[in-house]
Amino acid sequence: MAIVHVSITPIGTGSTSISPYVAACHTVLRAKEGLKWQLTPMGTIIEGELAEILAVIQEMHEVPFAHGARRVSTQIKIDDRRDKDATMQGKVEAVEEKL
Amino acid sequence: MAIVHVSITPIGTGSTSISPYVAACHTVLRAKEGLKWQLTPMGTIIEGELAEILAVIQEMHEVPFAHGARRVSTQIKIDDRRDKDATMQGKVEAVEEKL
Amino acid sequence: MAIVHVSITPIGTGSTSISPYVAACHTVLRAKEGLKWQLTPMGTIIEGELAEILAVIQEMHEVPFAHGARRVSTQIKIDDRRDKDATMQGKVEAVEEKL
Amino acid sequence: MAIVHVSITPIGTGSTSISPYVAACHTVLRAKEGLKWQLTPMGTIIEGELAEILAVIQEMHEVPFAHGARRVSTQIKIDDRRDKDATMQGKVEAVEEKL
């Protein structure tokens, strides 16, 4: 299981607002089964099997183009830990309990 | 006001766990006034005046060295919007209301 | 055609040096046909068909695990422009000619 | 000495081309003394004293606003190694000599 942060930004759309594109990307994400996700102010965090996550991100990356964008910048950060089962919730708790 | 995502990772410490370093960085962050922050499974999001945020990030970047790390990788993403007041909460709500 | 920046970092290996892992990842990348790449001091830039690039990055992401790492942090940034053919060389030239 | 990757992207300008903004940012960077830099197809890599680099990046981040942008996304990745003197050239050579 991996935890992946993704943000998808259309470039050159003429509007400083990108939330309509993010919402459309989330419609694709939320239709998938087997993945957990969390929407944050700076992107979306997805927990699940790495190949599945990357597949859905490729789909999400196409969404702004389908809505008229001609350039899309997509950033992905994979945190893949194989010595223990990492979860989104567990990562935050591990920090909080040390504070 | 800017919204900034930061993640600070020590490299080569010999342990796959980095939560002790993240907690120590947060002690520095949480002592500051005038900044809002949110801990996520993939980093920390800070809202406030850009110069203040970058100053505290520089302090946080020093924390793993003070705890024995000899190499630190710090990633920062600034979202700076000047046509309206953006907030962490407002960004998430703008997406949610379109779903 | 897309242009993609990738950096792959093992976490917790006990050594601050990661060049052996990067070299092993490059062995995988350089065996592929149809992709152009450029090694930089902060990662690798790959030019080609997006699905092919993401496929090779998934292979590269496995390399540090095969060499003993138990946690890997992989960062990917996709620049995908569909209104014109973008190339690594063209992007740099577009900036240089304006200086 | 640190090595820092930066990319600065205006959002919502109405043009998919961002090279004019990148060139304007580089004019600021290239006027500084004491910093080495390398322009890549996906950003700019700067080598030097960390506080100086972050100061110039803050200046560069203002450039697209001065040229009309109302939202700017700036990504920074710091590689800070204190067990040896790392350089941009040395990092690439360390990989190349293992291939």
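Per-chain numbering from 1; labels A, B, C and D assigned in written order.
One rule holds for everything that comes next: a contact is a pair of C-beta atoms (placed from the backbone, for glycine too) under 8 Å apart; a residue touches a chain by one contact, two chains touch by 3 or more.
Predicted model only: the values in this text are computed from it and were never measured.
Note on interfaces A-C and B-C: more C-beta pairs are in contact across A-C.
Taking the CA centroid of chain B as reference, the farthest chain centroid is that of C.
Per-chain CA centroids place chain A at a distance of 18 Å from chain B.
Mean C-alpha position of chain A lies 19 Å from that of chain C. Centroid to centroid, with C-alpha atoms defining each point, chain B and chain C lie 25 Å apart.
Counting partner chains per residue, chain B shows two or more touched chains at residues 11, 16-17, 70-71, 73, 75, 77, 79, 81, 83. On the chain C side of its complex with chain A, the touching residues are 11, 50-51, 54, 58, 61, 65, 70-83. The part of chain B that touches chain A in the complex is made up of residues 3, 5, 7, 16-17, 19-20, 22-23, 26-27, 30, 38-43, 45, 47, 75, 77, 79, 81, 83-84, 87-89, 91-92, 94-96, 98-99. Considering their complex, residues 9, 11-18, 70-71, 73, 75 of chain B touch chain C.
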